[in-house]
Amino acid sequence: MTNKITLNMITCRTIQQGVGMEAGKTSQKYFDACTIMHMHPEDMKKLGIWKNTNVRVTSQAGSVIVKAVETREDLVPGLAHIPMGPWANRIVPAYTYSTGEPCFKGFPVEVEVAMNERIMGAIEIVQDACGLIRK
Amino acid sequence: MNTVTLTVKKVPELYLECEKVNPDAFAGKTADQIAKLPGYQGKEISTLGDYFTVTGDAGATAADTKIVINGDCTKMKYIGAKMTAGEVVVNSTTDMYTGSWMTGGKLLIKGDVHSFCGLAMKGGEFIIEGDAGNYLGAAYRGDWRGMSGGVLRIKGNAGSDVATFMTGGELIVEGDVDIHIGTHMEGGKIIVKGNANRRVGGQLVKGEIYVFGNINVMMPGFKPVNEVELDVDGTTAKFTEYVGDLGERHPKRKGETVYGKLFLKQ
Amino acid sequence: MSEYIIKNGHVFDPVQGIKGDKKDICVKDGKIIDKVGSGAKIIDASGKTVMAGALEIHAHVAGPKVNAGRWYRPEDKHFDSHKTAGITRIEGGKSIPTVFKTGYEYARMGFTFAMEAAMPPLYARHVHEEIHDTPIIDEAALPVFGNNWFILEYLKNQEIENTAAYIAWVMRQTKGYGVKVVNPGGTEAWAWGLNCLTIHDPVPYFEITPAEIIKGLMAANEYLGLPHSMHIHQNDLGNPGNYQTTIDTLKLAEGVKATNNFGRDQVMHSTHIQFHSYKGTNWGDFESGAKEVMDYVNKQKNLTIDTGNVTLDETTTMTADGPFEHHLHGLNHLKWFNVDVELETAAGVVPFIYDPNNAVFASQWAVGLEIALYAKDPMRCFITTDHPNAGPFTRYPRVYAWLMSEKYRNERLNSFKKADKVISATNLSGMDREITLYELAQMTRAGPAKALGLSKDYGGLKVGMNADIAIYNINPDKFPSDGAAIEKAFAQVAYLFKDGKICVEEGKIVDMGKKHTFWVDAKVKENKQVMHDVREKFLRYYSVNENNYSVPESYAPHQHIISVDATQA
Amino acid sequence: MPKEVTDVICPFCGTLCDDLIITVSDDNKTILGVKNACAIGAEKFNHQRLPGRVKRPRMRQADGTYKEVSYDEAIDWTANMLVKSRKTLMYGWASTSCQAMSIGHDIAEKVGGIVDNCATVCHGSSLIAIEDVGVPSCTLGEVKNRADRVIFWGCNPAHAHPRHMSRYSIFPRGFFTVKGHKGRKIYCVDCRYTDTAKCADEFIQVQQGYDYELLNAFRTAARGEVLPDTVGGVPKEKIYEIVEDLKTARFGIIFFGMGLTHTMGRNHNIDIAINLTRDMNDYTKFAIMAMRGHWNVTGSGQVLGWQYGFPYAVDLSRRDQARHQTGETTSVDLLNRGEVEACFYIATDPGAHFPIDAMIKSSKKPTVTVDPHINCTTEISDIHIPVAMVGVEVGGCAYRMDNVPIETRKVVDPPEGMLTDEELLTKINQRVDELLAKGGA
């Protein structure tokens, strides 16, 4: 099934992401903290998924696989959040409106179910994009 | 008026800073002398001759010097910047700072320009046939003295932050504009023939903004006060007159508060 | 270190009373000596003017608000950033030069010392980081005390000894030089959006008046016997009619005696007094009060002042007088920077354009010149621009020229758009005094050195003194008649010796010298009360720990410590 | 015998807590315990002793793997890269000491570098706004001692500055605030009901991307003018009510974060928030403060400020002048536009925090990354040079979010033979001098 929904994406700090950063970019803590997307339950329904399902998130900048989760920091329906990190930045548009600041918050993304797709590691996802992984 | 023709013979590897490409720098020089003027790419100092073939000698003064540039100038900054007189015609797209700080003369770009063009323009005529990037006719960072005179006309669309801190002169966008136009404006006139995205006239103190198309979201600090029939840049039409930004300070004249004005075509 | 002999120069040295006679100056190992060996390098100074290195007594050159003024004004150095060939770094900034340009420009003008006029103790480390990076010139900084909670509480009960002990503690923590007071009480009031405009307005909550703060700090300063006196930026700066408050404040020094071992005579230094010498009730009937103020200063011998000359430029105002900057922003609507500093002080910054076409600004220009021209004792009146408030320090040569040439200043005065209004509102027109080179040496060398308690080693050319020497391309026998020529001569020294080394030659920086940071270490009797209060305040009210407050030695690698023993006081 | 180091400064966020107590093994090599730190700060100190820490420079080889090289080789390679490149991006600096920055700037001035710090993707928008309209602010102690109205706008200290609320902004009792939290009214404006919002007395949910309009509405209401029925999803009655309450504050403060700097309008959102603060000073005392992220990003702005007069994105590529134009000399724009020939990253991880398109361009250029640990950038660089952790293994000056300078402390020794940022940059500087003397450029 190719059910797709469009959401407004923001990428923000979380304390788990902070702890993960300091534990090391290659640490499990960092991976667990940053490879998730906070979604509103209603949007999960629309998409037809349970929480903790992998999804493919696509923006004009690119595409990334993360795990859809519910959050205690409530979102309004239509708003989604991926913690800052290399996964979020696979889809953050680099355009800065000549201010130096990319579009980290408030850009449209398409979300689709990707149940069986693998989530890449922190180093892997950057090296992959940069074509540095010998296949 | 003497004409100097520059033809691009090599596209810069990075971006070439052409702060010497304007009538004032050329005035009184022969083609050979002009070819020896410096161009900059980071710490590398080359000559204009390395990147252009130069034909024709300049006039004695900027006023009687015309510059015509052919070839790809997409990676060239500062063309026509700080010009005080004379004429420049570029048959190409140009990069940042084109026509910035110009105080006189005529500048015609037959292509697009990037961001920060026409910054703090004081006088003269600047025409862009294509689109413009962001901060067209705006102030330099930190300065409260933006475009203060002259006419800046763009046939295509402009990006965000058009005419920030504008204090005078006239800026016409025949296409659409992105967010934040006329922010902190304190004088002068802006005309948008197409649509304006959000945040039109935010923190507007004084001056006039005319919009022919739609405004996505009107600033809460603007209030309609009148309906007027006006002739704007050759078009006569009915406009709704707003005053604003009501959240911003405004000067008083003879006890009367002077508001900024926004005219939206009906 | 090499020896030098500066031959045949016209020497101006108030310390020895030398008024331009031809005299050789010998230099060895950083000191001025009576004779050197035949191997000494000869500097031919014939037809030139030789003076000691100049001392800046009041400028804002290093610290948080100075730097805010720098970085929040990119437009102040856009197209004004450059590098000269040689050993110098990139220089930038018109109204607030970068640290590199600050050091170079002072040196090029013949200065060897500058006093940072306002150091918030909590930001002392920042001040010293900038001083450290400022080349060539020696520097010191004055911590601000006039709105400090400890001071307000001690002085409410006239506890002079505790006040003194606390001052001594702060100076050691911050590597400070003396006692600075800015808008006493007014800046604490500003923390609630209020102000103290006279010396009798009570400070909110603390129930003390500016007058009591000023008196107490003068007493504490003399109790410690510090090299410099209390250094005050008075209440009600910059407002029409403030000259009365100014004189009221100066009167607080009556009967107070200077006690110190540094040859200092004053007990109060009143800074940028131009801004405090206005008559009238509003900007419409604004008039110069310079005569009234200077008549009092001239007869009250235990006072020194500096001028604060308006230079008619676009500049950046900055002061610990927080409420004033807010007021100024209300007038010109330019970008307003403010920071309130917990328990201690505040600061504001606003760009300002002294437009000569504006009668008020032109009058302020005249008032500043009047102050210097009315001064009967040049050893008690020093030339400043309160850099950058009244104008950038790089304008000193022009200010000197206005003071030394009646013709030059009258040309300026008469060419004002509102000349008639300016002339009627001020006394400048018709003042024919022209400051002499000797008087200039008093106002910029010997005078400030004495007031700062540095007269033993600085501000003169006597044998044994520090070899800080400025040589100008000025022939006193053919003193330039045209002002522009005077400016040019003072803008670029022929030579500058700093600690006996040539650092500048014909305006070109040739050596970074060895910069010193001066600070005063005052020893007092052990004071349990004050140490307890310090611990208490850090525990409960400060946002940093006491142990993270002090400035380590590493911030002042070449420190020049002046020790004071007040244990017997 | 383990010993305790007290008054330790936490080198994580701009809150720069200075009351940590670290227990250190008697040989000064290992950290045994951390007191008073938040979860993130504690993790940072604990990371120091994690196994598998890289102790020597590594150079990428043709097959993509990394081989260990000597510091000298790495320094020589780096110096040659800097001297050869016509325009080099020198980005980072937010997690090192001011002393190290100074040396870096000296290098940049010689080789024609563009020095940019992490503000460029964090509070750069705030710096633009302050350049445009100034900022009325204060130190954090003022908030603790005086503030009775506190607004968190687009920031989430509960997650990003964990001890901010307890040390300064919500809970502490100060000189004039003896009631602590009870004496303060806390507002939180955000598009999410964040954990910070849960600590607030009132949560105002603004529609994502409508902060500018809402702030404009606040200013308009303050002047008693009419408003549309709702602005950014907030009813006008609420707006009037809040503005009137703010006017009655004794001392009010707005803390804002990336909810403003990263969303549509960027610097304009801060610009108008600053102007609201300025307006409030016509009625009472009001201040506003950026919740700076990296522990010493503020310090980088200060040092660049006193040396060149600009807070970030300082272009020294011409070597005879300093220039600054956010949107041109900012890292992401330089990479997007292909304006630089080489990249030197220090004390930062753009690989994790820049948009991927910018990093793809970066990965195609000669790149050196200086960082204590392996991160997303080191693994796309030609060389990774490990260094001692500043604030843990070496001291140095740092500036808190309110620009208060604090000297960070060394608590343990770095691994045997590991250089500090200062030592490394000094050696690179010397090598650059040698190459330039030989007419390298």
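As written, the chain order gives the labels A, B, C and D, with residue 1 at the start of each chain.
The definition used in the following text is that a contact is a pair of C-beta atoms (placed from the backbone, for glycine too) under 8 Å apart; a residue touches a chain by one contact, two chains touch by 3 or more.
These figures come from a predicted structure and were not determined experimentally.
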| item | value |
| --- | --- |
| Of A-D and B-D, pair with higher C-beta contact tally | A-D |
| Distance from chain C to chain A - Cα centre to Cα centre, in angstrom | 57 |
| Cα-centroid distance, chain C relative to chain D, in whole angstrom | 35 |
| Inter-centroid spacing, chain D versus chain A (mean Cα positions, whole Å) | 23 |
| Interface hub residues of chain C, defined as touching at least two other chains | 72-74, 76, 78, 334-335 |
| Touching two or more other chains - residue numbers and ranges from chain B | 115-116, 134-135, 140-142, 144, 179 |
| Multi-partner residues of chain A (at least 2 other chains) | 97-98 |
| Touch-based graph of the chains, sorted into line, ring, star, complete or other | other |
| All chain pairs that touch each other | A-B, A-D, B-C, B-D, C-D |
| Footprint of chain A on chain D - complex, ascending | 12-13, 39-40, 43-44, 47, 50, 63-64, 120-121, 124-125, 128, 156, 158-160, 162, 191-195, 205, 208-209, 258-259, 261-264, 266-267, 293, 313, 326-328, 330-333, 336, 349, 351-360, 363, 373-376, 379-380 |
| Complex interface listing, chain B residues touching chain A | 115-116, 133-135, 159-161, 178-179 |
| For the chain C and chain D complex, residues of the former touching the latter | 62, 64, 66-68, 70-74, 76-78, 81-83, 89-90, 92-93, 96, 98-100, 122-123, 125-126, 129-130, 133, 149, 190-193, 205, 326, 329, 334-343, 346, 349-350, 540-545, 547-548, 552 |
| Residues on chain A engaged by chain D in the complex (per definition of touch) | 8, 10-15, 18-19, 21-26, 61-62, 72-76, 79, 81, 84-86, 89-90, 92-106, 122-123, 126-127, 129-134 |
| Chain C-facing residues of chain D, complex | 6-7, 9, 18-19, 98, 102, 109, 127, 130-142, 144-146, 167-168, 174-176, 250-251, 278, 281, 284-285, 287, 301-311, 316, 319-324, 397, 399, 402-407 |
